[in-house]
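One chain, subunit A, appears in both complexes that follow, with subunit B as partner in the first and subunit C in the second.
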Partner chain A sequence: MRDIADKFLASVLSKTDRHSSEAPLLRTIRDHAIRKLTPGALPISTDESWRYTDLRSLYGLNLSSVSESQQIDEQILQSFRLPEATDFVVIVDGIFSEKYSSTLSAKEFSVLSNARAEPAGMQVALSKALLGTLEDRFGDGFSALNSSGARDIIMVTVNGESALERVIQVLNVNTKKDVFSCPRILFDCGVGVEATLIEDSLNIGGYRYFTNNVVELFVRENAKVDHIQLQREDLDSFFISNSFVNIERSGTYRSWAISCGAKLSRHNPHVYLGGNGAHADLKGLALCDKGRVSDTHSTLYHAEAHTSSRQTHKNIAADQARVVFNGKIKVFKDAQGTDAAQQSRSLLLSNRASIDAKPELEIFADDVKCAHGATIGQINDEELFYLKARGIDDRTARSLLNYAFARDVLDDLPIKSILPSIEENIRALTSF
Partner chain B sequence: MSTALDSIVNQPYRAGFKTDIESDTVDKGLSEDVVRIISKKKNEPEWMLDFRLKAYRHWLTMKEPEWPNVKYPKIDYQDIIYYAAPKPKATKKSMDEVDPELLKTFDKLGVPLHERAALAGVAVDVVFDSVSVTTTYKEKLAEQGIIFCSFSEAVKDHPDLVKKYLGSVVPHTDNFYAALNSAVFTDGSFCFIPKGVKCPMDLSTYFRINTQDSGQFERTLIVAEEDSQVSYLEGCTAPQFDTNQLHAAVVELVALDRADIKYSTVQNWYAGDENGVGGIFNFVTKRGLCKGEKSKISWTQVETGSAVTWKYPSCILLGDNSIGEFYSVALTNHLQQADTGTKMVHIGKNTRSRIISKGISAGRSNNSYRGLVKVSPKAENARNYSQCDSMLIGQVCGAHTFPYLEVDNKSAIVEHEASTSKIGEEQLFYFASRGIDPEEAVSMIINGFVRDVFMHLPMEFAVEATKLLGLKLEGSVG
Partner chain C sequence: MSSENKIILEASGLKAEINGAPILKGLDLCVRAGEIHAIMGKNGSGKSTFSKVVAGHPSYAVTGGKLEFFGEDLNELAPEERSKKGIFLGFQYPIEIPGVTNGAFLRLAFNSIQAARGGDELDPLEFDDFIREKLKLLKMDAGFLDRSLNEGFSGGEKKRNEILQMAILEPKLSILDETDSGLDIDALRIVANGVNSIHGDDDAIVLVTHYQRLLNYIEPDFIHVMEGGKIIKTGTKELALELESKGYDWVVDEYKAKAA
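Moving on, here comes the complex of A and B:
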C-alpha cells in the first residue's frame, strides 16, 4: 500500500497549480510543506491513527487541479446562504470567488493567492505572522498537502470594530469531476471579540472529487468563537479536514462538527488550550449509511493550568457504514486543575455496519479531573414499543429515536437555520 | 505531607538478595544450535524440537513491537543466556532432599514452603530459575485425575495432551515475544483438570529469577475439561540486579464446555532503583480461550514490579454464553513503566465480558491501560462493561488510557468508562480531622480504590497484595 500512497502523493504534487507570480509568503509556505512531503508522508492503514480507515480508494484516483474559477448559477449559490450569516465567502473548487462573495472590509479580510500579488496592510501583516504556525506544529501529511497546494488562502481577522456580531459563512463548493481542492482559512478572533465561523462544504453536480480542507483558528484572550463545520458532500466524494485551534487565556471555543456526506470523510480537530482558564466545548455528530466511512480523530491539548473541556460525540451507523471515533485528551505536566470530560455514544442500526471507538487519555499532571465514557448500542426495544403503543408506526418511531439520540449535539446549535437539513439526513438513515 | 508519602514509596526492595547455587548455563546468544541444545538438555522428543525450530525461524522474520507506550534501551538478544538450570540432582520425594540454600531463599521471602503448603493447603510447583525443583501435593491431586506438574515432565509423561493444546491459544506466530518464548522456553507449569472435577485446592506457582543475565522464558498451559473448575495462583519476586533482565512468558488457558478457570497473579519483580537502573523487562503473552459453551475465564492481576511491563491477559470468547473477566491493579513508582490491559474478543453468541482496571502512578512513572473489546459480526447479544480508573500520586508521573472498541454487530452493548483522580487535600483533611494520620489515610484511600479488584483475589493473595501495595507506596504520598 505504501507505494500507491507515494504514487498518489507524487501525482498530486506534480499537478499542483503554481505560478511564477505567486505571493512570496505563499511560496515560502508551499516550499516548506513540500520539503515535508517526502515519500511516506501520507498515511496508510498500518499507521495507528489510520488503522480503521482504508485510503486505498482515495489513493487509486487520478486527480487534477483547477486553475480557473467556474461559472455557477448565482441563484443556487445564494440558496445556500444562511439567513444568520453577516458575511458570505464562496470558494469554488478551491478558488476564492470574489464575484459571489459579499466580502468583509480590507481591515478584516484578505486573500493570499496564486494569481495575485501579495496584499498589504495591517490585517495582512497580522495574519501573515500566524499563517501556518498551527498546521506546522500539529499537522499531518494531508494538512501539509493542503499547505503545498492551497491556491487561495482566506485570511479573516475579526477585531471587534464593527458593532455587529460577525457570523461568517464560508461556502465551499465543488463542481468538477476528479478534482482535488485545498480550501484554506485563517481565522483570527481578536481580544474580547465574539464571532461565529460556519464552514459549509457541499457540491453542485454530483461528482467524485477530493476536498482537503484546513482551517487555522486563533481565539484571543477573552474571545469567544462558535465554529460550525457542516459537511454535506456528495456521496461519491472524499473529504479530509484538519482544524487547528489555539485558545488563549480565558478564551472560549465551541464547535459543532456535523458529518452527513462523502464516501470517505475524515475530520481531525486539534484544539490547543494554551492559556489559563481557556475552555473548549466540542460537539460532533456523524451520520453514516450505505458503504460510507466517517472518521473523526480529535485531540485536545490541555497545556496550561485551569483549562477545561467538554466533548460530546455521537455516531449513527446504518447499512454497511463504518464510523470511527478517536478522541484523545492530553494533559501536559503543568496543566494542574484541568477539568476534562468526554462522552462518545454510538448507535448501530445494522449488523453489517461497524463502529470503532477509542477514547484516549494521556495525563501528566496530578491535580486533574478527567473522565471519558464510550458506549456502543442499538435502539432500545422498550422505547420502540412505548412509541408503537401510542400508534406511531415503526419507521416514524425509529426516526424519532434516532433524532432524540442526536439531539444533545444539536440542542444549543447557535445557527438554527441549518437544522432542517440535518434532520432530513437523520430521517434518511432510517429508510433501509 | 510529601515526606510521609516519600517514605512510603521509597521503601527498599525487600526480596532483593541472590542465592549462590551452582548453575548449569549455556553460553550467551541465540541461534538454531542453542535451540537444539536447550531441547537436548531437556531430553525432549523430536516434535518438541520441531515446534521450537519452527518458532525460532519465524521469530527471525519478526520485528520487535514499537507501539507500546514504553521506552527502554534496545535489547541485544545475543547478549542473553537462554538456559540456566540448577545442577541436576536425583528427583526428590520429600522436602529434606531439597538444597538447604534454596529453602533459605524461601525463608527470606517469607514463604516457608512446607509451612505454606501445610497451612494454606496450597500445592506449590516451585520454578527456581527455569527447572522445577519440587512439586507438592501431587499425589493428592493425582487421585482426582488432576495433572499438575512442570512443563518438562508434562512433555515426557503426557505428550498427547501437550501436543494437542500447546500453541493452540497463542500460536508461535502470534507476536515477537511469544515466538521467542516458543523457541527457547525452558520450563513452566502444566495443569490438566479432567471432566467434571472441581480442583479441591488453589494451585500455585512461585517463580524466581536467579542467575544474573538469564532471560526467563516460562510456559504455562492450563486445560480445563468439561464441567471442571480450577483456581490458579502465580506470584513472583526476584533478586536485585543491575542489568536489565528480559522476561517473556507465555500463558495459555483452554476452557471447554462449562469449565471455569480463575487465574490470579501477584507480580513484584525487581523494578530497578529510584533512578531506573536495573529492573526486569516483563513482556508477557497471556491468553485464555473459552472454547466451550458457558465456559468462563477470569484474570486477576496485581502488577507492582518490573521496570517495563507489557502484558495483556486476554479472553477469546468462542463458545456461546461464555464469560471473560479481567480485574487488574497496576502500580508504578519511580521510573517504572507499564503498558497493560486486556483483549476481549467476542465470537460466540450471548458472550459477556467485564473489565475493571485500576492504575496507580507515583514518582516519575508512566502507567498505561490499553484494552481491546472486539465484537465480531456473528456475536449476537454480546455485552461488555469496562471501567478503568487511574490515580496519580505526585506531579511528574503519567497516566494514560487507550481503549479500543470495535463493534460489528448491532445487538452488542459495549460500555466504557474511565476517570482520573488524585488523592486530594480535602480527602486527607477529612481523615486528619478524624484523627487519622496522612500515611494511614493514603493507605485507606488506595485500598478503597483497588477494592473492586482485590475482592476477586483468593484470600491469602488478597492479604499479601494489600501489604505489597502499602510497601510499594511507602513514602510516596503526603
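Moving on, here comes the complex of A and C:
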C-alpha cells in the first residue's frame, strides 16, 4: 500500500497548477510544504490513526486539478446561500469565484492566489504572518498537500469595525469529475469580536471528486467564534478536512461539524486552547449509510491553565457503513485547572454497520477534571413500539428516534436554516 | 348491555408467548360497543401481556386461538395499523423518549390517525388550539407540550398524558393498563371524568386495575378475573367489592374445583 500512496502523492504534486506569477508568500508556503511531502508523507492503514479507514480507493484515482474557474448556474448557487449569511464566498473546484461571491470589505477580505498580485495592507500583513502557522505545527500529510496545492487562499480578518455581526458562509462547490481541489481558509477573529464561519461543501453534477480542505482559525482574546462545517458531498466523492483552531485568553470557540455525505470522509479538528480561560465547545454529527466511511479524529490541546472544553459527538451508522470517532484530549503539564468533558454516543441501525468510537487521553497536569464516555446502542424497541402504537408508521417512527438521538448536537445550532437539509439526511438513513 | 351491540374485540382460546415462555393460555373475552370491562387479577397473571398482544407488541407471538377486532383477524396487523383502526393501549409504564417533543409527537400521532380515517390533518397552529381544549379536560398545563415525551414526568403526569392521547385519538377500543396506579385522589377523579367524557355508544373500554376505587368513578359492565393467562371468572361490578374484601384465592379455588 505504501507504493500506491507514494505514487498518488507524486501524481498529485506533478499536477498542481503553479504559475510563474504566483504571489511570493504563496510560493514560500508551497515550497515549504513540498519539502515535507517526501515519500511516506501520506498515511496508510498501518498508521495508528488510519487503522479503520482504508485510503486505497482514493489512492487508486487518477486525479487532475482545474486551472480555470467554471461557469455555473447562478440560480443554483444562490439557492445554497443561507439567509443568515452576511457574506457569501464561493469556491468552485478550489478556485475563488469573485463573480458569485458577495464579500466583505477589502480591509477584511483578501485572496492569495496563483492568478493575482499579492494583496497588500495592514490587515493583509497580519493574515500573512499567521498563514500556515497552525497547519505547519499540527498538520499531517494531507494538510501539507493542501498547502502545496491550494490555488487560492481565502483570508478573512474580522476586526469588529462593522456594526453588523459577521456570518460568513464559504460555499465550496465541486463540479468536475476526477479532480482534486484544495480549499483553504484563514479566519482571524479579532480581540473581543463575535463572528460566525460556515463552511458548506457540496457537489453539483454528482461526480467523483477529491476535496482536501484546510481551515486555520484564530480566536483572539475574548473573541467568540461559531464555526459550522456542513459536509454534504455526493456519494462518490472523497472528502478530507483539517481544521486548526487557536484560542487565546478567554476566547470561546463553538463548532458544529456535520458530516452527511461522501464515499469516504475524514475530519481532523485540532483545537488548541492556548490562553488562560479559553473555552471550546465541539459538537459533531456523523450520518453514514450504504458502504460509506465517515471518520473523525479530533484533538483538543489544553495548553494553558483554566481552559475548558466540552465535546459531544454523535454517530449514526446504517447499512454497511463504517463510522470512526477518536477523540484525543491532551492536557499539558502547565494546564492546571483544566476542565474537559467528552461524550460520544453512537447509534447502529444495522448489524452490518460498524462503529469504532473511543476517547484517547494524554494528561500531564495533576489538577484536572476530565470526564469521558462512549456508548454504542441501537434503536430501542420499546420506544419504537410506543410510537407505532399511536399510529405512527415504522419509517416516521425510526426517523423521529434518529432525530431525537442527534438532537443535542443540533438544538443550539445558531444557523437554523441548515436544519431541514440535515433532517432530510437523517430521514434518508432510515430508508433501508 | 344489549347482546345485539356490535362486537368490537373478540378473543377466544387466545394463546401467546414471549421468548418461548407461554403466558396467555386460552383467554376468552368478548367486548361490545358501548361496554366498559374491568380486568383484575394477581401480579403476573398476564393482564399487561394481553393488553400488549392486542396492541401488537412484536415481542409476543400468538400461538393459538382467535383475536379479532370488528371481525377482522388482528394477527397480521402491525401496531401502527391497529392504532389506525382504533385500538388504543394506555401503557402501564409509559415510555420516556428524550429528544422527541411531546407536542410534536401528539400532532404526529393525531395526523397519522386522521389521515387513516380520511379526516383533516392539522397544522401546528390549528393543532395548538385543538390540544389546548383537550389539556383542559385533563387539567394539564400547556408546558407539558414543550417537554420531551414523558421524560421526567411524574408517575401521575405520565398517566394523564396517556389519557390525553386517548382523548385526541378517539379510539374505538381503549385498553387502559393500570392507568389509575400512581394517581392521587384528585387526579383519579380528573382522569376518570376524562375517560367517561370520551366514552360513548360506539366505543368500548377495557380497564386493567388492582383497585376497586377506580370503578366507583368509571362504572364497568363486567368484571373479569385473570389467572394463569386465562379469564377464570366474569361477574358484574359487585364482584370487585367481593375481591377487595376477600382477595383472589377463593376465585382460583372455585375455578380449580370446577375444572376437576
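Some notes on this structure:
What we mean here is this: the second predicted complex is superposed on the first by the 432 of 432 C-alpha atoms of A that agree within 3 Å, B and C clash if a C-alpha of one lies under 4 Å from a C-alpha of the other, contacts with A are read in each partner's own complex, and residues count from 1 in each chain.
The rule we apply is simple: a residue touches a chain if its C-beta (ideal position, glycine included) is under 8 Å from a C-beta of that chain, and two chains touch if they have at least 3 such contacts.
Just so we're clear, the structure is a prediction, and the values are computed from it rather than from any experiment.
Contact with subunit B, but none with subunit C, is seen for A:363 once the two complexes are overlaid on the shared chain. When both complexes are overlaid on chain A, the residue A:392 reaches subunit C alone and has no touch with subunit B. One of subunit B and subunit C touches more residues of subunit A, and that partner is B.
By the touch criterion stated above, A:407 is placed in contact with subunit C alone, subunit B being left untouched. Applying the stated contact rule after C-alpha superposition, one finds that A:41 touches neither subunit B nor subunit C.
By the touch criterion stated above, A:82 is placed in contact with neither subunit B nor subunit C. Legend: residue contacts after superposition of the two complexes on their common chain; A:383 is shown touching subunit C, with no touch to subunit B.
In the superposition on chain A, A:373 makes contact with subunit B only, not with subunit C.
Taken in their complex, subunit A has these residues touching subunit B: 48, 52, 333, 336, 346, 348-378. Residues 67, 377, 390, 392-422 of subunit B touch subunit A in their complex. Put simply, subunit A touches subunit C in their complex at residues 381-383, 385-394, 396-397, 400-401, 403-405, 407-408. Across the complex, subunit C meets subunit A through its residues 55-59, 78-80, 82-84, 88-89, 91, 94-95, 97-100, 105, 108-109, 112-113, 116, 148, 165, 169.
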